[in-house]
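Just below sit the structures, each encoded as structure tokens.
Two complexes come next, and they have one chain in common, chain A, joined by chain B in the first and chain C in the second.
Right, the complex of A and B next:
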């Protein structure tokens, strides 16, 4: 399969600079550990916020780290799409007889992000040990679909950011509001923010679907109907469909930079 | 000699002013982050109030942080990092300028220019926000003057700490890694990730004397009245002492790194 060849190629390139890959990978994890530490310090001063304690937030951080880093690792091509346009590499992709999304996905696989994936999974495990959750098959399914939903939503956001750079070529800093904003907002229960912010990150960018809502189901708290919380990750997954459609529509307007 | 450093400073300053659209987009981002953090800490402070750090003081602290974001942010200075990795740095070795001073001015120029470009608008917007979101004025004129002094000192300390990332880049040839580690440490201990007044007192007693809090935490706390005038003066002199130590240490480290640098021709 073509993708496995891409993957092999990226593994080989990063292994050429082994020290650099490992060093960057570790620092990526250190940045996140710094954030976890700050949340820990915050909760040692304030015991809880809206009924959420440290381990509930740790679970949310673990989930968002895992899905965000997975998306950054495998969907990096969209995240750095402006570079593809600038270098003219994208023009070359357009004339190849392979699906364009397939090529963008294969153009960059950022293996240094894997340390964050591992860290995220460790955090989730630590949090789950400390939280009293009575498990059943449905809950396990919800947890798994939460991860898939998160990955798809973050990838969707990267696709939107790539779509914007079709027109702007440069990557604008405010796109960060949606990608990194979605990440930061997912550390804490989403209803502590202002109504308008909660609404944006529930209905427009459905961050709540892999964060607050499924967690309400797992922990059996909150006053949102449980069945809705349980299927929320499935609804969140749909987010990526309009993202791809918009990208494809805007692609028709693409003008080469001439590089 | 001093003239050439001023020239470097001026050049970087003008360069930064070119990127206006970038600055506007950055400002929107800053506004969003400011709001996000204020909502977050309001939720915490509503459940457990903290003495000497009310919600309006917290909002002011956050807005100052957003307005002076560039000045607080520790990173490997753009071109210096790339020049070390691709080897162009060797040109600097033959120039008759002290490398540390040269880079210090370059970095300071960049920081001051982008701060001047960004901070007035953010502050004006923040002053007119509704309710608990708005920023308040300084507690007194003396506090304001001390804050300005503190911000100048803080910018210099921020640049001096950034110079350590340059050293790590020399050692590891990885600018991302270097700025990642140093900015995480200084972010956590400097109140950039969470405001220091929200931390437990026992932890604050230690952090208050480390160099990182002098970057921005101290001037902001003088501004909101969390740190008094006389206490502020004592801390400012501690900060000044740290600046001198950091610069001397930075110069020594850079010298040792340069001794071991091998230029591979080309």
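Right, the complex of A and C next:
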């Protein structure tokens, strides 16, 4: 399959700079561990934030780390789309008889982000051990779909950022408010924030769908109907569809750069 | 013969933001940006027959790359029709690009850090080339370009010339009907240049591939093309054979004459004396006067005693520079 060839090429490239790859991978994980520690210290002072304890937050952090790093690893092409345009690589993609999204996904696979994915999964496991959850098949399915939903939403945000670079060529820093903002905000169950913020990150950018909504379902808490919490990750996944449609429409306006 | 490329009245305009200056210019630029419309291409019309090698020339910024990008389906023109190989490039892009190959002289299509052969293998998957056909094509390209030692080395270790050879091979693996070459000989040494030229000719003969070539090297044009299209400021100024245009300008000759003794004044009907110093003089034929060596010798020996003379005509580069100036298409 073509994608496995792309993957093989990226692995080969990182193997050329083995030390660098390992070093970057480790530093990235260490930064995240620092963040986890700061949250831990916070909770050792306050015990709970709006009824949520440390392990609820740890679960949220684990999920956002995992999905964000997975998106950064496999959907890096959208995240750094301005580079593809500037280097002319995107022009090159347009003359290949392969779907453009497939090529963008294959163009950049950032393997150093995998350390963050592993860290995220470890955090999730630690949190789940400490949280008092009565497991059943449905809950496992909701948990799995939460990860998929998170990955698709972050990727959708990257696609929006890429869409803007079609016009600006440069990366538009304003978009970072949404990509990095969504990431930072999702360290905690987002219903602890001000109402308007919770609303933005529920209805416009549906971060809630891989955040407090599935968490409510797993813990069986809160006053939102349980069935809605259960299907929320599935609803969140739909976010990527308009993102792709908008990208495809804007692509028609693509101007390319000089030689 | 049917034309493989048919360009009719293609126009392309770009909107470029004007940068406001002065106080608060940053805010003005951000919130109320004004745009200027630039006409990159104006009513470009031409036809190319199958198996032709066409030189697409013009000064920097004339619109060459824009045309190539429209022809390869990367850009959509503002107006006009374009049929290439029976289809419109920007519609049904994925089907269309199977039959074209593109080499941008200053950009690589191969992977920097992996052996060249792996990049080729990736291209094989991208174009879904059957293994047997791929091996056969690769063997052919290998023989023609001597790639043997290069294929197993990462691209970054290759010289510019070696890279260009690999780029050319890479763009031909899928046996395209049309090949676009954007400055294929830029920065190459003399030997590699010749090798690249020979290869372009070879592929054109072997596969009857139609080749569109942009270049600033007039020797490329002379050696390869059977038709040129001259473009300036987004308009076509000339299309036809290069010989025509060359003859038109090369009729002007410069003759350096060495005389047997000093003359006070050199005067010859139909010729202009450009410089005269002691026993040497430089003459130039007037536009009305056709230069014939025999006639010239007869005429000059009638009045003067000469030892030697040397005739030079304009080089192809000078012809082109003259042409650019005449059409006033050089950016100042």
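By our rule, the second predicted complex is superposed on the first by the 258 of 259 C-alpha atoms of A that agree within 3 Å, B and C clash if a C-alpha of one lies under 4 Å from a C-alpha of the other, contacts with A are read in each partner's own complex, and residues count from 1 in each chain.
Just so we're on the same page, contacts are C-beta pairs under 8 Å (C-beta built on N, C-alpha and C of every residue); 3 or more make two chains touch, one makes a residue touch a chain.
This structure is a prediction, so every number in the text was calculated from the model and none was measured.
Undergrad: Please determine, from the superposition on chain A, whether chain B and chain C clash or fit.
TA: With chain A aligned, chain B clears chain C, so fit.
Undergrad: Looking at A:12, would you say it contacts chain B, chain C, both, or neither? Reply first, second, both or neither.
TA: second
Undergrad: First (chain B), second (chain C), both or neither: which does A:24 touch?
TA: So A:24 only meets chain B here.
Undergrad: Centred on chain A, what angle do chain B and chain C make, from Cα centres, as a multiple of 10°?
TA: 90
Undergrad: Counting touched residues of chain A, say whether chain B or chain C comes out ahead.
TA: B
Undergrad: Output check: A:99 vs chain B and chain C. Expected answer is one of first, second, both, neither. What do you get?
TA: A:99 sits against chain C, while chain B stays out of touch.
Undergrad: Can A:41 be said to touch chain B (first), chain C (second), both, or neither?
TA: first
Undergrad: Contact-wise, after the overlay, does A:204 reach chain B, chain C, both or neither (first, second, both, neither)?
TA: neither
Undergrad: Can you work out, in whole Å, how close the C-alpha atoms of chain B and chain C get once everything is superposed?
TA: 6
Undergrad: Based on the A-chain superposition described above, do chain B and chain C contact any of the same residues on chain A, and if so which?
TA: Shared contact residues on chain A (touching chain B in one complex, chain C in the other): none at all.
Undergrad: For chain A, which residues count as touching chain C in their complex?
TA: Checking each residue of chain A against chain C gives 2, 5-6, 8-9, 12-13, 16-17, 87-88, 91-92, 94-99, 252, 254-256, 258-259.
Undergrad: Any idea which chain B residues touch chain A in the complex?
TA: Those in contact with chain A are residues 22, 25-26, 28-29, 32-33, 35-36, 39-40, 43-44, 47-48, 50, 172-174, 176-178, 180-181, 183-185, 187-188, 193-194, 198-200, 203.
Undergrad: Inside the complex, what are the residues of chain C that reach chain A?
TA: 14, 65, 69, 72-76, 93-95, 97-98, 100, 102, 104, 106-107, 109, 111-114, 118-119, 121-122, 125-128, 154, 182
Undergrad: Residue numbers of chain A touching chain B in their complex, please.
TA: Contact set of chain A toward chain B: 19-20, 23-24, 26-28, 30-31, 33-35, 37-38, 41-42, 44-50, 170, 172-174, 176-177, 181, 184-185, 188, 192-194, 197.
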